[in-house]
């Protein structure tokens, strides 16, 4: 690839709007191997946001857990449709936010009884795995939103890029 | 995740059609870091098709080269829209084919003059990089198709899964 | 996409399980299949070498919790070794870093 | 997503470039930036250690071709070392395996 040469077919008939540039959109199904693609998407978005390796791993974990829940509880391990979208939002106050949205067509969920327990300690006897996924998602993400739609669910995870805060928010 | 438990919200309101199960669909833009996501997608599809590591690498290379050409020559290194689709086709004769389709909105291309030179030897003096991408794509893929659309191009790569042939095609 | 699990007999009743790759919903059934048969009366210690594991999600942790429960019931030891920083971080987020026996160097204090 | 390129001075005029990661349109500019300044009159041999490279596409090969052209013009040596099987395969597909000097063990026959 000689990417430095000017091409005379360079006019782009359908230029992207500015806010589309940092956006990825992915139509997948809830087969477990798709977590590998999700991870690659998170890694690309995390690199664009200059996250550290540790932050990247955490964000990838939260996205992985949400996808696993949709696969396992939403679609009961049967292949189902999921749309995944991710974009980087530049706020006016200089903060960057990484947004991840899953849209599924599984039965709508009532999450009101979920124990999201940020503060719930894990006692010696409390080592059953159930509820760990949700706890991890909440401990990593700054915003976890669920919207019940007439034909499925929409899940939004927002991660505020912390390094931007350190560099001095006005 | 306790994926063995039965969930009572397991009815899938929008079941996938059989042929959707092995299909992945991806709306991306021609930013170079997207090659990492493409590679993950190819790896998942290749694993589903039981390709060897060597075959997986070749198929990933061909997909990478086509994306690089669209990025570089189609959109002249500016962010542009690309839709990527991949599915595994089971033919009646028992053969499996991996299909990859890129749809771009760049100026339409006339490929009639392309030297796809499967047989073109690389002489000592002929080591300029130009044309290498196209040659690699053709040497790996069984079918390379281009369709000029009114507002862009559609590119299709087909890889016939060779191990299926070895296992005895009728 | 890969997860390799290799069993090494250390000595009578002492087993090393060497895990290499990523542990997620796609691959954790393989870890579970390798671990389950080791959780028997015969074994006294099961050591899991996680040096080659670059990622682990709650499906992997749930699998390891089964080993922990076996240890409590049988009076055996279930020890995790050489966790990469990002994997140890997940145990800390899950508040399980103090629940598991985690030994960063591999089997130095064998009973 | 990563590509690390490290330069090692072997001896006067002999340079080792150790490349680790994947080389594609996203990362090859980094390889080019590291390689270009080495292609000078002062250097006689440039050795590229590719043992840690798991993937290379034509953008990476094009970058290495610049080294080959430098060698021909300056009378120096430009040698590729320790290619992984999948990377050697790409050179073979490109029919460039006989055009490059490819030495699988690293710098054993130094001039």
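For clarity, chains are labelled A, B, C and D in written order, and residue numbers in each chain start from 1.
Quick note on the criterion: contacts are C-beta pairs under 8 Å (C-beta built on N, C-alpha and C of every residue); 3 or more make two chains touch, one makes a residue touch a chain.
Computed from a predicted model, the values in this text were never measured in an experiment.
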Chains touching both chain C and chain D, listed by label: A, B
Centroid distance [mean C-alpha coordinates] between chain D and chain B, Å: 28
Intercentroid distance (Cα basis), chain C paired with chain B, Å: 38
Contacts with 2+ other chains: residues of chain A: 1-3, 33, 36, 39, 43-44, 47, 65, 68, 71-72, 129, 133
In chain D, residues with contacts to at least two other chains: 1, 25, 57-59, 62
Category of the chain touch graph - line, ring, star, complete, other: other
Each pair of chains that touches, named by its two labels: A-B, A-C, A-D, B-C, B-D
Of chain C, residues touching chain B in the complex: 1, 25, 57-59, 62
Chain B partner contacts - residues on chain A that touch it in the complex: 1-3, 6-7, 9-16, 20-21, 23-29, 31, 33-34, 36-37, 39-41, 43-44, 47-48, 65, 68-69, 71-81, 105-107, 109, 129-130, 133, 151-152
Parts of chain B lying in touch with chain C, wherever the complex brings them together: 1-3, 43-44, 47
Residue numbers on chain B that touch chain D, as the complex places them: 32-33, 35-36, 39, 53-54, 57-58, 60-61, 64-65, 67-68, 71-72, 121-122, 124, 127-129, 132-133, 135-136, 139-140
Complex contacts: residues of chain D adjacent to chain B: 1, 22, 24-26, 55, 57-59, 61-62, 65, 68-69, 85-86, 89-90, 93-96, 99
